[in-house]
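Dropping the structures in below, format is structure tokens.
Same chain, two partners: chain A is paired with chain B first, then with chain C.
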Partner chain A sequence: MTPEKLALTTTSPVAKPVSAGGADTALARELTRQLGPKKVLSNLSERLNYRYDAIQFGVTPLCVVLPESTADVVAAVKAARSAGVPIVGRGAASGLSGGATPLEPSLVVSFTRMTRLEIDPARREARAQPGVITLAVSEAARPHGLVYPPDPASLRTSTIGGNLGENAGGPMCFKYGVTGDYVTGLEFVDAGGEVHRLTREAYDLAGLLIGSEGTLGLITDVTLRLTTPARFTRTLMASFPEVGQAAEAVSSAIAAGAVPSKLEFMDQACVGAIEDYLHLGLPRHAGALLLVDTDGHDLETVEEERALVEAACLNAGGTVRRAATDAEAAALWQARRSVSPALGRIRPQRMNEDIVVPRSALPEVVREIRALGDASGLTLVQFGHIGDGNLHPNILFDPRKEDAHAVHELAHRIALVAIRHGGVLSGEHGIGTMKRDFMTDAVDPVTLDVLRSVKAALDPAGALNPGKVLPDAVKS
Partner chain B sequence: MTPEKLALTTTSPVAKPVSAGGADTALARELTRQLGPKKVLSNLSERLNYRYDAIQFGVTPLCVVLPESTADVVAAVKAARSAGVPIVGRGAASGLSGGATPLEPSLVVSFTRMTRLEIDPARREARAQPGVITLAVSEAARPHGLVYPPDPASLRTSTIGGNLGENAGGPMCFKYGVTGDYVTGLEFVDAGGEVHRLTREAYDLAGLLIGSEGTLGLITDVTLRLTTPARFTRTLMASFPEVGQAAEAVSSAIAAGAVPSKLEFMDQACVGAIEDYLHLGLPRHAGALLLVDTDGHDLETVEEERALVEAACLNAGGTVRRAATDAEAAALWQARRSVSPALGRIRPQRMNEDIVVPRSALPEVVREIRALGDASGLTLVQFGHIGDGNLHPNILFDPRKEDAHAVHELAHRIALVAIRHGGVLSGEHGIGTMKRDFMTDAVDPVTLDVLRSVKAALDPAGALNPGKVLPDAVKS
Partner chain C sequence: MNNDIAQLHPSAQGELMAHAVDACVHCGFCLPACPTYALLGDEMDSPRGRIVLMKEVLEGNLPLYDATPHLDRCLGCVGCVTACPSGVPYGELITAFRGWSEPQRQRPVLQKLTRAAVLTMLPRPGLFRAGASVGRFAKPLAGLLPQALRAPLDLLPGSLQPAQPLPEFTPAQGARRGRVALLAGCAQQVLTPNFNAATVRVLSRNGVEVTVPRDQGCCGAAAMHTGARPLALEQARRNLDAFGAGAQGVDAIVSNAAGCGAGLKEYPMLLAGEGEADEARARELAAQVQDISEFLHGRLLEGTLEPTLPTSRPITVAYHDACHLAHAQGVRAAPRALLRAIPGVTVLEIPEGDLCCGSAGTYNLEQPELAGQLGDRKARNVMATGADFVVSGNVGCHTQLQSHLGRLGSPVRVLHTVELLDLAYRGEL
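The block that comes next holds the complex of A and B.
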């Protein structure tokens, strides 16, 4: 990736919007004719709102469609196909890798109006359209004594469709699994506008679509497995003088047999950003914090597991504070969920990584990344679902003052640290545009070719969310 | 499927072996030249042993290769490709759907010599070659306080490679998940002989290979997630006058919040077969039995869960017996694992289904299938992992005396019952040859076409395990 390209994909608020006219107008007219004016946005002022996700700018779409049914999606896909216009699916656009940002003048299919949600208590399933807000699933399930565990930090705004697109995780996912683990079936519209209904049988095409960021098809309906919530939860916070100690505590707590429901990590810079934002009284001079929940149906076991974690934290040189009340526990978790907005106040842009490394490698990995950040002169914070080995090193920068090339270089070095320790690029945010160039480090060329042939089998014209996930093939 | 075809794929012990000579001899010579004589079987008497799995006959392979490394597999694939010979992967051949049986004169790649196994206690992972016996993983992990939960009934003979090929389940899978849920990465050799190493990132090609029965690639190495074993287990057996009552007990026990580690069902015919075989003193006059384990780290919770199951069984009209000792519990589970050999004594052949239906539909489904069996005049037994809704209706028959067409007709009707109740064809045995024709009932033609295009992307020449999983496209 050249600095110019980084500037395009991460810092283009000043990029010139594509002007209305030509094929795009024809597509908007055709969609308006088929779906009516209320489902189509063609004014520039409206379209401008559909070019970004939570941290990334793309180009202004040619047209935006707001489908209310699978049939509307089919019509949109077929019209775009006839017009030769690429198609980009979009949920709440709270994504952190650029998955929903158009990189070419495109038709954006925004699923926010497809919000039908049904709970089947006997089957312990929810059936949801893609525009359903993540939290709404558990809210609808709760009266039936059921819950939907995946809990991305954005769960109050993100959609189920977006969660499937990125195979979203969250703090609960260490113990309970990620989005894809709860999908028992789905419906999708393919690049040709055909509708498919899939279960998780051979071949597991549903599993292939989950996490594919709208590059293989548009998911229009999903069946989610629900579970019973834990009866008891205990929360603790541990602070450590140095980041590696927190990672050591995690590694040894889990080795001792603890399976916390949440196990989150924040370094000093991250804690400082939250304190500046929310003034919660967190220990801002600590090198790192861990936030830990243990949960279960039996209080004694839950407290035993908390004791295991406490002992590991103390052994690693940490200081432990138990949340005495539910309110105190809620405030701690509010802190964790506020990381993204808190970081947004420090610099206008950020490069957000999502590496996953073996837990045993965590102490070394967080120390190496801290050292890379310190040496770079850039602002680097680390946090993440450390129980899974899932870390989010974030480089905060101002494109007007800081060198985009240096940002990209640091991000690349961090990715290489993960790969060297047997890790992967993405745990829950997807590859999107942000980590796409690093795929050539993580995946062999011959395997990238196989992935490209799978993409070509499902989307021969390359019309679905072009420029995402897979790096371009090197011309020989 | 015509009766003739059924006769070929399920009852062809008398099928004429393909004679040695021509292309097959050339392939055997080439492989012997490259790999040495000890890794190649070319004599008819040897090759005859590689045409069947646990219940199905195929055709005699042209040649059998016994690779000892990924490099050997690459050489075999490339040689077969040059010779235009199809390739069929094979583990212990304990499969129950015909996945490992050649349907055309083929090169069989038998993985039984690829048995390297390493446990990494810090990472809680096992790395296994495909020929490792399933049980060996837990045996190697146990000294480190770890366990590999998936437990197909064949775990003493089946291989990890075969388990991945069919995405095998087992009694523990209700609580702990199936084979694929434990795979964190794998290596495979593609149809062109290229080696790929995959993690579970986007696109989840590893997930696509798992359960694909060797039709998309040959898995040559796998990394498996290990867990800590439960500290306490309690076992009970419940008997019921009628099959539907057992299903009702399951449905209501789980609705009440029980998550047994194992929840197995056997109908009267199945219990009778086991009694005839092992003389364990099971209640052979009951209409159905349930075998249930509850497990966990806290004894009180484990016994509470058992009490929930007991109450549900009593309410549904059942009689409950707790296993008083570990030996008694072991004998009960020995009964369950002996179903396959016990049924093999009744008739020489069986048609083994593997449907999965929503738990709430279980009472109706088991009664409908029982009624279909009674009306058919054929010998039908039902058993399975009923906690998952995974049932194995088996039609036992003697091809010399019973009509193959009637067997196929009954199997088809059972598949349609599952599909009508929102179920799927296969929970853990794979589609193989046995359920392949029913795929047209379960999957829309347009979706089958997409699956075919995914297959074509990975195996353009159709050389990998031809005739499995996907039904042939209808010529238009």
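The block that comes next holds the complex of A and C.
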């Protein structure tokens, strides 16, 4: 069973349901005895729906538990361990790397009912259970004049637990950072069912858990830092004849000292898809578009920063349009938010890459990826949080007409481009199963061994989310 | 989500289901839009989960009876369709699936009888009125009855409004500036006869002639959405005849019940695979259908809508989006614009406005507990606005709002959009 096959087809034999019977009933009975019937799902119709995330279908779990407290999670972990069953944590399953899909018959711990959320305005903190929807944190903070900046595109759906697992980012990440930058402390249940509370002093063990994709422990409570929202925001859109020029503009604007709050890019194929979908009047013949927000508490600085970006765009050969009103800015951002649905209309499936490269390398990287896409015969579009060097080259395909291996091969070659330019495999979506194979290209053997030692120290039996992140060591 | 549904179920309805399942990329963006997911928090009771369940049943991997509890809990509010970034036609999928699966269902006898009774009485206002009158006297006994019989009794109003027969033809007041055919609706003729009366008055006041084709019947939405496909087809064909012949030369076929309007607009889907002639007639009719608010909004945009009198004091109106208007028909701006056009009216938005009130089709009868929870939540959200009135464009929402606001002791008055306009024209606000 190779991960790429799982990743690319939903009708492969492993996607078929596993029938009831055997070990699952014993585990389900034990958990039902301890937690009551409402928190335990054991029917096939129930379990079938806990085998996928937003990108991949895996194996039907043996049992699903919907905990309502840390104590429930402890009970679930201990029961699964006694039964020798692996444990997969799950939020809203909107992840794009296969992180929440079980690859072998497992216990799925779904956190959607752990939704307690408290705002402490005096400390400027939110305390959240993992099932809290990301947007809910900002909504609860707003009446206190506070905001929670990490804004993944899925913020209306995704949970804080999932954001922590993948260390999610979003358009605001260039200036304001990603999920992990807002965590001041967390509680987690380890592979043996023990509860730990961590702050970020001394060894940053909390940092280790963040982005670990459920392979080191199950996060059951988190304290998040809140900030005050910027008073002023200014928006501009720039179009460029060629995709590399957009990347050049980004590099030079940032080198000149601009720190935009959002800096997004879309290539021609992407803009074309949006235009076909929404007819917004975007320049569809441009090689690439940049969408930029500058923000802050001082209007003069905000305008100055926008001017810096504007000058960089003009120097790189771009044409600039400033949003005169909030409504105009909103219309421009609608284009960016519509990328996913617009792409969904072109091909039923997409392989979503999530590379990060040094900004100085951006022009070359986007050009190389464009060339790889053109040579492959597959439909490739590029967009992403370019200010952060975070690119999302997407391969759009129809699995009934296009070869899954060709798609996987192109994804791999894109990953290699990023690595060759000093980049990494994942900005915000995680490694999961999708990019696990590429880890041996990206991380040297010594470091991989260190990572395996960390995993072994926290999860000696390999019970937590097996088959994710770290490739198996090659036995010598 | 690739599937073999079209191969396993070679028919127009099979193709329709295969296409819908295929379009889903299981991104999960539908989850927060789903009322049952909001209440239950589990994947099987979400749109994404239900799509997977339907796929598994259609492909023969999961027995139908295993999936039905979760599929039955779907309100059919299609809030997920609005939220879906990939354009999955979920409404078409669940309707077609119910049509396919219902003949294979084994239901308890009492449930079968209740469903048959509802589908028999609902389309016949006379019978429905008679049944409702009798039912009212049984209300005190409701506590002693099994759930299947108790739910319909709980829903009946304490008193019925007198019938207001609709004239077959109402002339335009002043110069004639248009002509429409009106879909009268079934249950609303009994429960809220003033909806039609107010509609006719407002249209006539605006120089629009109104015909009510006599041969029209139930739109078929209730039958369609409960899986009674043969009955739905029969009812649809009757309306294709009635409106085809009786509504010649009209500017539009107007509906003032969101559920019925959506039902008519779904005829092309219902009649897919029923022969080219019927399919073409269905497309023609669907293209003519407009909600009353859409039709009047057109006049407002043209600048030909008669101005109303200003209200005697400033009033606040909470506008409730009926799912079958907002999600199924995409009509959101028109009713709000009409209400705002009344001098003295401020329109307020209801928190969690996109969430269904729980009264979708026969949901109150089949899932009374969930329907009640959603109704309570909606009523509390309406009360949080502090509005004087709550206005919607559907009889189902109307009775649900009335019942739950009443239960909570709220004085907020519940009206149809066109009723509020009618009051404004008459200077009674």
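Everything that follows uses one rule, which is that the second predicted complex is superposed on the first by the 462 of 476 C-alpha atoms of A that agree within 3 Å, B and C clash if a C-alpha of one lies under 4 Å from a C-alpha of the other, contacts with A are read in each partner's own complex, and residues count from 1 in each chain.
Everything below uses one rule, namely that a residue touches a chain if its C-beta (ideal position, glycine included) is under 8 Å from a C-beta of that chain, and two chains touch if they have at least 3 such contacts.
From a predicted model like this one, the values you see are computed outputs, not experimental measurements.
Taken together through their common chain A, the two structures put chain B and chain C side by side without a clash. In the superposed model, A:Leu425 makes contact with chain B only, not with chain C.
Within the superposed three-chain model, A:Gly207 lies in touch with chain B and out of touch with chain C [touch as defined at top]. One geometric descriptor of the composite model is the angle centred on chain A: between the Cα centres of chain B and chain C it reads 140 degrees, in steps of 10.
Contacts of A:Asp298 after superposition on the shared chain: chain B is touched, whereas chain C is not. In the overlay built on the shared chain, the residue A:Leu216 is in contact with chain B alone; chain C does not reach it.
After overlaying the two complexes on the shared chain, residue contacts for A:Gly257 are found with chain B alone; chain C is out of touch. Touched residues of chain A, counted separately for chain B and chain C, are more numerous for B. Smallest inter-chain Cα distance, chain B versus chain C, after superposition on the shared chain: 23 Å. Across the superposed pair, chain B and chain C touch chain A at no common residue.
Listing the residues of chain B that touch chain A in their complex gives 122-125, 145, 167, 180-181, 190, 194-205, 207-208, 210-213, 216, 228, 251, 255, 257, 296-298, 300-301, 358-360, 424-426, 430-431, 442, 444, 446-447, 450-451, 453-458, 469.
Of all residues in chain C, only 1-4, 22-23, 25-29, 31-32, 41-44, 48-49, 52-53, 56, 61-62, 66-67, 69-70, 84-87 touch chain A in the complex they form.
Across the complex, chain A meets chain C through its residues 9-11, 16-17, 41, 43-46, 48-50, 52-54, 66, 92-94, 110, 112-113, 115, 131, 133, 154, 156-158, 338, 340-341, 344-345, 348-350, 399-400.
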